[in-house]
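Same chain, two partners: chain A is paired with chain B first, then with chain C.
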Partner chain A sequence: MNRILVLLPWLLALALLAVLPQVLSVKYYLHLSILALIWVIVAQGQNLIQGFTGYVSIVQAGFMGIGAYGSTLMGLNFQWPLWATMVMAPLITALFALATGYPSLRVKGHYFAIVTLAFNLIIVIVLVNYSELTKGEAGISNIPKPWGGNREAFYYLALALAVSLTGLAALIARSRVGEILLAIRQNEDLVAALGIAAWKYKLFAFVISAMYAGLGGALYAHFQGFINPEIFGVAQSLDAILAVILGGSGTIAGPAIGAFLVVFLPEILRFADSFRLILYGLILVLATIFMPIGIVGIAKAAFARLTRREAGHGG
Partner chain B sequence: MSKHKFTRACAALALTLVAGSSLAAEKKLTVGVADALTGGGAVYGLPQANAVKMAAEEINAAGGIKVGADTYKIDVIAYDDKANPTEATNAVRKLIDRDGVKYILGFCCSGSTSAVASFIGNEKAVMLVGNAAERSITTKKIPNLVRTRPPADYTGQAAGTFIARKGQKRIAVLGALDVGFYAQYVDSVEREIKKAGGEIIAREVFSLKDRDMTPQLTKIRGLNPDAILVVGYVEPAAFVYRQAVELGMNIPRYGFTSGSEEQFLRVTTSEQMEGVWDLRPTELTLLSASKNGIAYHANYTKKYNASPSPSSPYAYDQLYALKAAIEAAGTVDNTDAVAKALRNLAVPPQVVMQYQPVDGKMFDVNGQAYTSNGAFQWQKGKWVFVEDLPSDSKAYSQFLSTLN
Partner chain C sequence: MLIEILQQTINGLAIGGVYVLIALGLTTVFGILGIAHFAHGSISMFGGYLTYFLATSQGLPVLAAIPVALAAGILLGVLVEVLAYRPVRNANHINAFIVALGLTMMVEGINLQLFGHEQVVIPTGLSRVFRFGGITVPELRLYVIVAAIVLVVAMMIFVERTKTGQAIRAVAENRDAAILMGVNVRTIPLIVFGMSTALGVAAGIMVGALFAIAPGIGEGLVVKGFAVLILGGLGSFPGAILGGTVLGITESIAAGFISSAYKDVIAFVVMILVLLIRPQGLLGRAP
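Coming up: the complex of A and B.
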C-alpha cells in the first residue's frame, strides 16, 4: 500500500507531462516546459553534489556552457551529426569536471563553493575572450535543431531524458554509493575513519553532476539555436542551487519541482512589470527562510502528520 | 405614423447608427516590445520602450494606421528581457504564441537580440531592431528583420578618420572590449588611424559593472598617449571620464557611448566632462536635431519627466516605419508582405534620426538602415553637434552584403 502511495504522485506527474503538449493550446507554455525539463536535468545533477553529498557547487551553469559549446562547436567545425555531438557533450564536460574537481574537492564548505564559483567565472571569461572559437559575447547563432525545430518532438526528447536521468539519480541515491554520499554529508570525518576514500565518492558525485549539466547545456543549445557566454554565468548557477533548495535538497522529486519553479515563476510574475525581480527575490528569500526543507520536505512532513493522526484516531 | 411606431422607428435608427458606428470603429493592432526594462541595459531599453509607447499615442491621436477601409489603433505590450538571451526568447515567445503579436519592436542590446534573431526567420512575425549594434544581426539576410541603428563598425570607420585628422598618433583604448560591437568599433578606428601613421598603444578593458577605472587609467597614463578612446555603456564610461580628470590626464578624450547629458551628470560634473568628444551616429541632441527631433525631445520630456536618451528614437522610428510599411502593404495579417514593404520603404517623414537611404530606401537589402555619423563635444553642460563625420552608407551596405 505504502509503495503505491509513493509511486502514485510520480505516475500522475508523468501522465500529466506526457499529455501536456496535446492539451496546451498556447505553445509559449510548451516552450517554458521544455526549458523547465532541461533545468530538471541540470538540477538533478546539482542535487547529487549539493543535496546528497553536502557540497554546494557554484559551477553548474559553467558546465552547462561547456556542454553547449562542446556540442555546438563539434557540429559546426567537424560536421559531426547532431546526435553524436549531444552524446559527446556530457563526456567532454566530465573531462573538465575531473580536471577541476580533483583540486576543488580538497577544500570543504564555503571554500569549495568559492573555488567552484571561480571556475564558473573562468569558464565565462574564456568563452568571452576566446572569440576565434566561441565568437565571444556576440554568441553563436543558427545552431542546428533536431526535427527542424519541432517543439513538440523536442519536448518529448527532453521529457524522456529528464525522466531517465531522474531515475538514474534515484538509483544512485539508493545504491551503496548513494549511502556513502549521504554519510559524507552527515559526517565526512567518520566516513574517513571507516577507511572509505571519501574523495573518490565526492569526485564521482561532482563528475556525474557535471555530466548532467553538460547534457542540459547541449539540449539548451540545440533547442534555442543560439548561445552566448551570458547564459552560462554565475546567476544561472545560483538558479540551479535555488531549484534544489526550493524543491527539497537531498530528495529526488525536489529538484524536478524546483526546476519548474525557477523557470515558470519569473514568467508568471511578468504582470508585475519592473517589480517582477523584486517580487521574485522576495519569494525566494521567504521560501528559503520559512521552507528550508523545500516543498517536498514540507509535503512529506504534512503527509506524515496526517497519517499519524489517522492512525491515532484508528487506535 | 402612430406615436409608438415613430418611437420604434427612432429607436431602430439609433440602434442602427450605434451598430454601424461600432462596425466602423477602429480595429486594434497590438505590437510588442521586448527590451531591457531593468538591469544594466535599461539605460537604453527603457527609453526605447517609452519611445514606442509615445509613438503609438501620437499615431493613434492622428487617426491610427489606415489599411484599406479599416483603421487600426495601436496597442503596445512591453516585456522586460533584462538584455538576457533566455529572457528575450521567453518574452518574444510569449508575445508571439500567447499574445498573438506579429510585430515586435525594441531590442536595445546585442546578445538578447541575436538570440531572438536566430529563430525569428521561422515565425510569421516581423522584428524591428533598435539600438543593438552587433554587426552580425543584419548579415544573415533574415527577410523579416530590419534594424534602425547602423552597425558599430560603420560608425567606427568615420570616428577613426576624425581622430586621425585631429593629428593624434598614439591612442589608448579603454572600454567594454569583451562586447563584440565595441571591439568592432575599435577595430575600425584602428584601421583608419593606421592609414594615417598612428597606432593603438593600449586596449584596456572594463566591464559593465566596473566603477573604479583608476588601475587601467594609471597604466595608460604611464604609456603617455596622445588621446584616450572610451567605448562602452554610459555609466562606466562616465566614471572613466571623471577619473581621468582626477588623475590629471589632460589629453583629448574621445568616446562612443550615446549617453544623454542627464545620464552622464549622474556620475560626473559638467567641468569633468568639458571637451569630451562622442563620435557616434547622429542621434538625438537638441543642437543637431531636426524639427522632428526637437518636437520628440519636448514631447518625451513632458510625458516622462526625463530627457530621452540619444538612442531612443531608433525605437520611435521603428513604429513610424512599421506604420508606413503596413499602409503600403495594405495588410496587417500578411507579415511577409509587410516585411517586404519595409525593405522597399522610403524614409517616412515623421522619423527623428537622420537616415542616409541606400538607393532611395530606408532599409537596404540586408534590412539595415544607416544614419549619418556625427562628432559631438561636451561644451558647458551640453552635447554640442560639431560636424558630420564622413560616412558612405552605400559602400558599407555593399560590404555588409558580402558577410554572412
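Coming up: the complex of A and C.
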C-alpha cells in the first residue's frame, strides 16, 4: 500500500508529461517544456554532487558548454552523424571533469565552490577567445537538429532521457556508492577514518554530474540550433544550484520540480521585466532562509503529518 | 626586457593593491563568521558606481563623493549581515553561501536599476605621468598604490592594537571563549561587515578610477579575491597581502608578455597549481 502511495505521484507526473504535447495549444509552452526537460537532466547531475555529496559546484553550465560545443564542433569538423556526437558529448565532458575535479576536490566547502566557479569562468573565456574554433562571442548557428527540427519528436526524446537519467540518479542514490556519498556529506572525516578513500567517491559524483551536464548541453545545442559562450556562463550554473535548492536538495523529485521552476519562473516574472534579477535573487535568499528543505521536503513533511493524523483517527 | 618587466610589476602593484583590499575584507568575514561573502564584489562595484554618480550627475568633487560612498557601503554591509546572513548563522554553512549568491543577484539588479548598463570611469582629473628612467608611472596609479598601503596598515593597526580589534580576533580564535570573556558577539559581526565593506568599496572606487566599472565586474572581483585567499592561505592577513600582490603582478606580466585575453585564465591556473602543491596556501597553516 505504502509503496503504491509513493509511486503514485511519479506515475501521475509521467502520464501528464506524456500527454503534454497533445494538450498544449501554445507552441511556445512546448518549447519551454523541452528546455525544462533538458534542465531536469542538468539539475539531476547537479544534485548528485551538491545535494547528495554536499559539494556545491558552480561549473555545471560550463560543463553544459563543453557538451554543447563538443557535439557541435565534432559534427562540423569531422562530419560525424548527430547521434554519434551526442553520445560523445558526455564522454568528452567526463574527461574535462576528471582533470578539473582532481585539483578542486582537494578543498572543501566554499573553496571548492570558488575553484569550480573559476573553471566556469575559464571555460567561458576560452570559448570567447578561441574564435578560430568556436567563432567567439557571435556563436555558432545552424546547428543540425534531429528529425528536421520536429519539436514534438524532440520533446519525447528529452522526456525519455530525463526519465531514465532520473531513474539512474535514484539507483546511484540507493546503492552503496550513494550511501557513502551521503556519509561524506554528513561527516567526511569519519568516512576517511573508516578506511574509505572518500576522494574516489567524490570524483565519481563530480564526473557523473558533469556527464549529465554534458548531455544536457548537447541536447540544448541540437534543440536550439544556436549556441554562444554567454549561454554557459556562471549565471546559468547558479540556475542549476537554484533548481536543486528550490526543489529539494538530496531528493530525487526535487531537481525535476526545481528544473521546471527555473525555466518557467523567469517567464512568469516577465511582467517584472527589469526587476527580474532582483526578484530572482530575493526568491533564492528567502527560499534558503525559510525553506532550506525545498518543495519536496515540505511536501514530505506535510504528507507525513497527514498520514499520522489519519492513523490516529483509525486507532 | 628588464625595463618592461619592471613596468609591468608597477602596473601589477596597483591592481594587486585592489585585490589585497578585496581579499582582506573577505578573509575577515570568513575568519569571524565562516561565511564566504560572495556578494562582496557586487557591493564593491556598487560603491564604485555610487561614487561615479555622485561625482558626475550630482556634481560633487570626487574627494567628497568617496566618503559618502564608503558610508553607504558600510550601511549596506551591515544591512546584509542583519537581514540575510544572521538568519542562516546556525544552518549549514553552504546555506549562507547560497544566500550570498542570491544577494549578488539582488545587488546587481539594484545597481542596474539605479545606474544603468553603461560602463563608466570615475573622473579624477589626475593625468600627470611620472618618469623614472625608462619606467612611466601615471600619477593616479601611484596614489592608488599609496592609498591601498595606507588602508592595509590602518586595518592592521585596528585589528592588532585596539580593544575592538582584540575582540574580533578573540571571536575568530574561539567564539565560545570570547562570549565567556564578555565580548558582545552580536556587535562584532556588524563591525566586521562595516570594515570589510568599506575596504571593498574603496577597491571598487580604485577599479573605477584606474580602469572602468561595468555591470558584472563584481563577480570577477570577488572570484579574484577568493583566488587570493586560496593563494595566500585561508584566514591569514599576511597571506592575503602576499597573495594579492603576487596575483596582481602575475596577471600584469602575463598580460604584457603572453596574452591579455587570457590573463585571467593564467591567474586562475596559478591558483590551481598552488592548490595542487600546497592545499593550505602559501602562508596558511597545514590543516
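Just so we're on the same page, the second predicted complex is superposed on the first by the 312 of 315 C-alpha atoms of A that agree within 3 Å, B and C clash if a C-alpha of one lies under 4 Å from a C-alpha of the other, contacts with A are read in each partner's own complex, and residues count from 1 in each chain.
Here, a residue touches a chain if its C-beta (ideal position, glycine included) is under 8 Å from a C-beta of that chain, and two chains touch if they have at least 3 such contacts.
Predicted model, so just to flag it, every value in this text is computed and none were measured.
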Combined model on chain A: chain C and chain B, fit or clash: clash
First (chain B), second (chain C), both or neither touched by A:V107: second
Partner chain in contact with A:L277 - chain B first, chain C second, else both or neither: both
Partner chain(s) touched by A:L32 [first = chain B, second = chain C, both, neither]: first
First (chain B), second (chain C), both or neither touched by A:E137: first
Which of chain B and chain C A:I122 touches, first, second, both or neither: second
Chain B versus chain C as contact partner of A:V40, first or second or both or neither: neither
Which of chain B and chain C A:L238 touches, first, second, both or neither: second
On chain A, the residue positions that both chain B and chain C contact, one per complex: 129, 274, 276-277
Of all residues in chain B, those that touch chain A in their complex: 37-38, 79-80, 82, 84-87, 89-90, 93-94, 96-98, 110-111, 114-115, 117-119, 122, 134, 136, 140, 178-181, 183
Residues of chain C defined as touching chain A within the complex: 30, 36, 84, 87-88, 91-95, 97-99, 101-110, 112-113, 219-220, 223, 226-227, 229-230, 234, 261-262, 264-265, 268, 271-272, 275-276, 279
Residue numbers on chain A that touch chain C, as the complex places them: 54, 56, 103-104, 106-107, 109-111, 113-115, 117-119, 121-122, 125-126, 129, 234, 238, 241, 245, 274-285, 288-289, 292
Of chain A, residues touching chain B in the complex: 26-29, 31-32, 35, 128-129, 131, 135-139, 141-143, 149, 224-228, 230-231, 266-267, 270, 273-274, 276-277
